[in-house]
Amino acid sequence: MQTQPPSITIEDAEVLRQEPWQGGYHLLVLRAPFIAPRVQPGQFVHTRLTAPADAILRRPFSVFKADGDTLQILYKPVGRGTSAMCALRPGDSLSLIGPLGRGFPLPRPDAVPVIVAGGYGMAALYLLAKTCPRPGLAFFGGATVEDILCVSDFEVLGWEVRVATEDGSRGVHGLVTAPLDAFLANPSRPSTIELFACGPNGMLRAIAERAHHYSLPAWVSMDRNMGCGLGACLTCVQKVRGPNGHAVWARVCKEGPVFDAQTILWEDEA
Amino acid sequence: MTTERRPPLDAEFQPDLSVDIGPLRLRNPVMTASGTFGYGTEYADLVDFEKLGAIVVKGISLDPWSGNSTPRTVEVASGLINAIGLQNPGVEKFIREHLAQLKRFSTPVIVNIWGRTVEEYAAVARRFDTEEGVAALEINVSCPNIKEGSKLFGTDLTAFRKVVAAVREATRKPMIPKLAPNVSDIGAFARAAEESGADAISLINSVPAMVVDAKTRRPRLANITGGLTGPAIRPIALKLVWEAARATKLPIIGMGGITETEHAAEFMIVGATAVAVGTATFAEPRTAMRIVEGLADYLRRQGMKSVRELIGSLRS
Amino acid sequence: MTTERRPPLDAEFQPDLSVDIGPLRLRNPVMTASGTFGYGTEYADLVDFEKLGAIVVKGISLDPWSGNSTPRTVEVASGLINAIGLQNPGVEKFIREHLAQLKRFSTPVIVNIWGRTVEEYAAVARRFDTEEGVAALEINVSCPNIKEGSKLFGTDLTAFRKVVAAVREATRKPMIPKLAPNVSDIGAFARAAEESGADAISLINSVPAMVVDAKTRRPRLANITGGLTGPAIRPIALKLVWEAARATKLPIIGMGGITETEHAAEFMIVGATAVAVGTATFAEPRTAMRIVEGLADYLRRQGMKSVRELIGSLRS
Amino acid sequence: MQTQPPSITIEDAEVLRQEPWQGGYHLLVLRAPFIAPRVQPGQFVHTRLTAPADAILRRPFSVFKADGDTLQILYKPVGRGTSAMCALRPGDSLSLIGPLGRGFPLPRPDAVPVIVAGGYGMAALYLLAKTCPRPGLAFFGGATVEDILCVSDFEVLGWEVRVATEDGSRGVHGLVTAPLDAFLANPSRPSTIELFACGPNGMLRAIAERAHHYSLPAWVSMDRNMGCGLGACLTCVQKVRGPNGHAVWARVCKEGPVFDAQTILWEDEA
């Protein structure tokens, strides 16, 4: 059972702080008194930049932290919009629509929560880790040590973080699935586990396969280019297995971004 | 029509914003554009529907339709290209689930319809004919994202007449054919609509377009081509509305790249009776509402007591 | 034609940039677009002409022509609308004063011509037939800023055939009709050009457009309407070039909103043999030069030894 | 006889300073080692802003001062481009094409130079004042005291500045033509005068009429929206009396911006 999204607002947030983070990421701290207190783990905000002027769509970002009337975004400049975001200074304003989407369900009290993340997924899963009734285990993957974000944030919550990097510069040498598989295959691991994942598509698919194989409940947060962010434009659709077993389009911005991993029809299955 | 400038009116004066789209009176001339406002309810948290002139919903066909593969949209300079492919739940589910919701509001609902054949157009129109809560039908003959031949309806004058006439036979609801921009003589289509019994016309639909990723050498849309909308097309749309207005007496709903009050005014100045806001809603959901408020201000500055004075008031 | 991706070539490799526009071999596929590079000499201080594939000069008519009143251009979102109205000194003065200057360079000069009647088109073409230093003629049938009826040539298939055939009779120079974008079936015009003896086609010309000043309620151009160019029209142009390329075997010169190497590549990927840079030159006079350099780099990254491999290499 | 424009360059100038000026104007100081030393009085530079991204044309500005490898522009934010200009900071770069256009002719050694200016015209005429063989008389007009720029710059050169404001907040109450007419009508004024003007169109036309009436040589610097700035696009044309007396189009960016006032065909004469 997933949580119902609370009502959505549009709000001019004030930039309180912006600072470079490791791995090319930036941390943006915003005062958003209407949205911040309502954010559920896994939800996102849809941001409107005034520059570049010829960019006409908003950009979606997961909420990293939400505390009182502030919220934080951890983002990486990958294109024109996110590069322009780097120029925001304290006092600037940034229009947000949020909180958006259906976030993670309340973690089952009887299961050990296991998080698998790559890229901004490490930030996107922090709020979930924080609300879990008990600390769990997190697997973080990245190309190199620089790409492994917010480990200490998780550790402060009492979580154990296992890292894999493709160049071996931190943790296991390889993909995040390497330590995850080792863990899952270990007969002495807890038998009741719930998986939560956010990261590149290929990773999410790999998690879905593991979950299927081990018959574990798993939730994946999908990343799709978005238009409206509100369910109106049908840009962000993802083929999923509908209630009657047929393939149907789900809107990642509305029915997602978090889905039961077993409902996703990956590209070649759709 | 007025072509002179007048002294501004004082700040308390409330200009009359109502306009008539054929038999349909609207409290103000600002609508949402089909396909950019979903079935309305998606924006319920953010937009006060009672402030809008009308709500035009996403295109509905007889049967459910799953649309195109993804990616379905791509952002370009000052524009958006979409190839949603007309995904919709079909007329029955729409009436049951979405129209029911929209009936709670007093705002007129205009349903955008399409079909793969003349018969399908007529069938959808007939189904809506008796539906309360449907104020008018907008006939999408111009969607570039459907390949079954409906493409032709928007650019072939004979096919266009046929579909408009068939819908006219099928319903007494106000009927609004929506014109394709990719024709050389938009006036001919405007006149054909008038002759075939339309109550109004709307234009423009999105402009056929395409983007390629130079790195992968692949199209950036799954459908290869799509329709360009947003500020990039505004000057193209304005020209077509101006031309259409000189060819027909039918009321015109003008759209294409409207993001500001002044843009809405421009469309009315060249001859539109009403306007629709599309792509701008994605960035600023309250654009249509903001324009309604802006128009009152604008009219006071223009010294106009009614928004109807604005229609076709281009000075030379 | 290749539709596969290949490993990159090493940095020293110099890809072959030459392309053939019918009988005309160009050292590279990047030209200036007519009307945006004057008669060439205006840019002499800033641009190394010898680096360009060809120079296409501003449209020339039989008699001198004074063009439209001002304002003649207006900047819009990601675009420019112009209604210059084809001002030009006429064929004789052009040959005497401008062509003479251009002959100093080894770069092929393509002369853009227009007329008010079929006869005028033929007459200008005939005058250039024997002119050394004219590599090819581009036939502007699509300028929206002339009211004397030449408008029709670009959007009426019969008139179009007539003018292309007449020019064909008048000259043995390579002939390149330049297509109007505001037609519903660009493929039909591409085929008609081929059938009427054209050596290549170029597209697109500017897109009919209009802007109004909401405050004064007046058109922002003296000519009321004009033609939209620049980044705003790139996705529209790309779609039309793709469509034209599937309709004809003629070489295509693609243009519309090109500002970067990648954009030039996109046009070639969908089927253009060469490209022209227009509006971008105003902001960055060296855009065409920069793209020539960028193409070599781009081809190495694509693992292509010749730019000709790029033509029509769209992958699906 | 007008001066021939020296050869034109394109150059990434470095912003050295930007400061608010009176009357809503801003002063922009640029290092432009190629262009600055070649600027002639009355010439302009064509600037390329990177913001707003959907603005695709350059913007023309007269050169206020040129000194060694630096040049100064005095500009007023009136639209999107000039507003974006206000955000330029030291170290930013700004692409310039210049020096452009045909500036003022060398002032006649036998005449008293008389300058008439409004708006940025006061800045645009400074270089001319500086190169005049002898100081002259300047008439500055504006709506209010705030709009009267660089008076002290002219006074330092030994020029006498007479001011008119429409609200009477400085100098004569009225248009700049009021003090100018008084001066011209004064029988004890020097008989050999040469007029140089830059400002709103209406003002230039008024100057042309005075010049005609008193048979004085007069040069006006015209302001037209520009495209290329180089004579290629034919955006900026102005009807003038050609050599044979016929009306012809002159390109303000190439044959201008400075014209012999008697050659201009004003709107209703053209």
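Which chain is which? They are A, B, C and D, in the order written, and residues in each are numbered from 1.
One rule holds in what follows: a residue touches a chain if its C-beta (ideal position, glycine included) is under 8 Å from a C-beta of that chain, and two chains touch if they have at least 3 such contacts.
The structure presented is a predicted model; accordingly, all values stated were derived computationally and were not measured.
In terms of the distance between Cα centroids, subunit B is separated most widely from D. Remark: subunit A and subunit D have CA centroids separated by 57 Å (rounded to whole angstrom).
Rounded to whole angstrom, the centroid-to-centroid distance between subunit A and subunit B, based on C-alpha atoms, equals 36 Å. Subunit C has its Cα centroid 47 Å from the Cα centroid of subunit A. Among all residues of subunit C, those that touch two or more other chains are 77-79, 231.
Residues of subunit A in contact with two or more other chains: 53-55.
Because contacts link each chain to all the remaining chains, their graph is best described as complete. Here subunit C touches subunit B in the complex through residues 3, 5, 76-79, 81, 155-156, 180, 182-185, 207-212, 214-219, 224-225, 228, 231-236, 238-240, 242, 257, 261-263, 265-266, 269-270, 298, 301-302, 313-316, going by the rule given at the top. Considering their complex, residues 7-10, 48, 53-58, 95, 97, 224-225, 227-235, 237-238, 249, 254 of subunit A touch subunit B.
On the subunit A side of its complex with subunit D, the touching residues are 51-55, 80. Subunit B meets subunit D in the complex at residues 77-78, 231.
Contact residues of subunit B toward subunit A in the complex are 35-38, 42-43, 45-46, 58, 66-67, 70-75, 77-80, 82, 84, 87, 230-231, 279-286.
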